[in-house]
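I'd like to ask you about the structure that follows.
Labels run A, B, C and D following the written order; every chain starts at residue 1.
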Amino acid sequence: MTVTGLVRFSVSMDARLLERFDRFIAEKGYTSRSEALRDLIRDSLVESEWAAGDREVVGVVSLLYDHHTRGLSESLTAVQHEYNTVVTTVHVHLDHQHCFEALVVKGKAAVIREMADRLGSLKGVKHARVTLGSSGKDLP
Amino acid sequence: MTVTGLVRFSVSMDARLLERFDRFIAEKGYTSRSEALRDLIRDSLVESEWAAGDREVVGVVSLLYDHHTRGLSESLTAVQHEYNTVVTTVHVHLDHQHCFEALVVKGKAAVIREMADRLGSLKGVKHARVTLGSSGKDLP
Amino acid sequence: MTVTGLVRFSVSMDARLLERFDRFIAEKGYTSRSEALRDLIRDSLVESEWAAGDREVVGVVSLLYDHHTRGLSESLTAVQHEYNTVVTTVHVHLDHQHCFEALVVKGKAAVIREMADRLGSLKGVKHARVTLGSSGKDLP
Amino acid sequence: MTVTGLVRFSVSMDARLLERFDRFIAEKGYTSRSEALRDLIRDSLVESEWAAGDREVVGVVSLLYDHHTRGLSESLTAVQHEYNTVVTTVHVHLDHQHCFEALVVKGKAAVIREMADRLGSLKGVKHARVTLGSSGKDLP
């Protein structure tokens, strides 16, 4: 049986460390220390999910490309269709030459990285990045 | 006067290093060594743009949140309107509880980071990340 | 007046998040939840110290180089002397060709990065990295 | 048969990208464009060596700790002896309370990370970090 609901536990800490942490999280906009600690914890868990490679994760692949490159949009579409991980994409026209595209992806981290490598290697794609995320499923 | 057009220059390298590099980029899907080198160069330049903090950059802020949290969507909108950096957003319903949102942002890196901190600190936001990107303007 | 000594405060959390965190830290070897949380907090603070650039930090610059490169050891020494940040260095002979050196450094983050860039740019230095650290002074 | 010796190949690039790269590497102290490109290439290869987990790598584990913590130095030694990866260590007395230690390590990346996790989890260790490196063996 999995325990559910809110639990409360106590943490001991050097007063000066707590003082510094409180200042640090206030700068970031937190109004609750518990919320800040929960976020730190979730962040560590998300990184370990991605490191594992075989867990289902959610993330973003972002691409900057020159849309004048011949055949590029066909190649971008073809690669995305080969991998069954793109949920949706959003496109921004940056200037007369550059497009920026964010692909929301869901799948195994290793597969997502492979697709991002393939997309980034296409001629005309100037920059490609993968962002860590989580499906939230195991992130209460 | 700025030089334009393609130039060609030669690089000297230990044959074994070149061999390993060729294998490495083939795995990533590159068919051209020049293209792979251009991407490595652009990647370094983009990182230095973000480190500078005051250059205009393009990127993605991704958020995972629990949409049941009372008042969250109002807060998310309010914070985004305070900062004049969000170009567009795309939203995905992950399951009955979780939403994933990718915000395409354009502005100074320092401002984007500050907004992302504020969004991430909201109760109900479980994970927030910023991804490096470039406006392409200084990235031929 | 700065508060000193240990304080104790309570944190509220979804029971399932706490369960996952407890499993995560047990894998890493932690026997105390407070200690794991203190380390997460310190880690965030150290990253923000380095990002600031002008705080005194402690860290390591590691170098891999080919000691056959003519004039390299003189150049390595000369650059290190220009910057007044190297506390001590340790040297390992990896094989007949390669040396690995770890420089323990203390100073402003921006200065340390600049020195590391200079060292990494020397011919014969194959790899250079800077690792984040803290002087501990503001890290109770 | 493996090819050896220096080879020379040519790269084509937009003149403005090359201009920006030349400025970027000059700031870092490079006097040779080939050397800067070789370093970029080696850096990518080193990261992929570490990501693989099972390759022999060289690196640094750095630790900041409070030497007043009872039993800590025995625990630090015990954990290091369990893993057969520490080549040498260098120790710096930062102030009356803090020690900084850099462990030069050689072994499989996954094993090194596990040891660093164990060391970092000890009470009294305030900060622990692993730095990527290479044995140089496959890094011409």
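The criterion applied here is as follows: a residue touches a chain if its C-beta (ideal position, glycine included) is under 8 Å from a C-beta of that chain, and two chains touch if they have at least 3 such contacts.
For clarity, every value in this text was computed on a predicted model and none was experimentally measured.
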> Which neighbours does chain C have in common with chain D?
Replying inline: none
>> Roughly how far is chain B from chain D, centre to centre by C-alpha average, rounded to an integer in Å?
In response: 25
> Where the CA atoms of chain A average out and where those of chain B average out, how many Å apart are those spots?
Replying inline: 10
> What are the residue numbers in chain B that touch two or more other chains?
Replying inline: 42, 139
> Can the chain contact pattern be summarised as a line, a ring, a star, a complete graph, or none of these (other)?
Replying inline: ring
> Which chain A residues qualify as touching chain C in the complex?
Replying inline: 2-21, 24, 33-34, 37-38, 40-42, 44-45, 48, 138-140
>> Considering only the defined contacts, which chain C positions touch chain D in the complex?
In response: 25, 27-32, 35-36, 39, 42-43, 46, 58-60, 62, 64, 66, 87-90, 92, 94-95, 97-98, 100, 102, 104, 106, 117-118, 120-123, 125-129, 131-137, 139
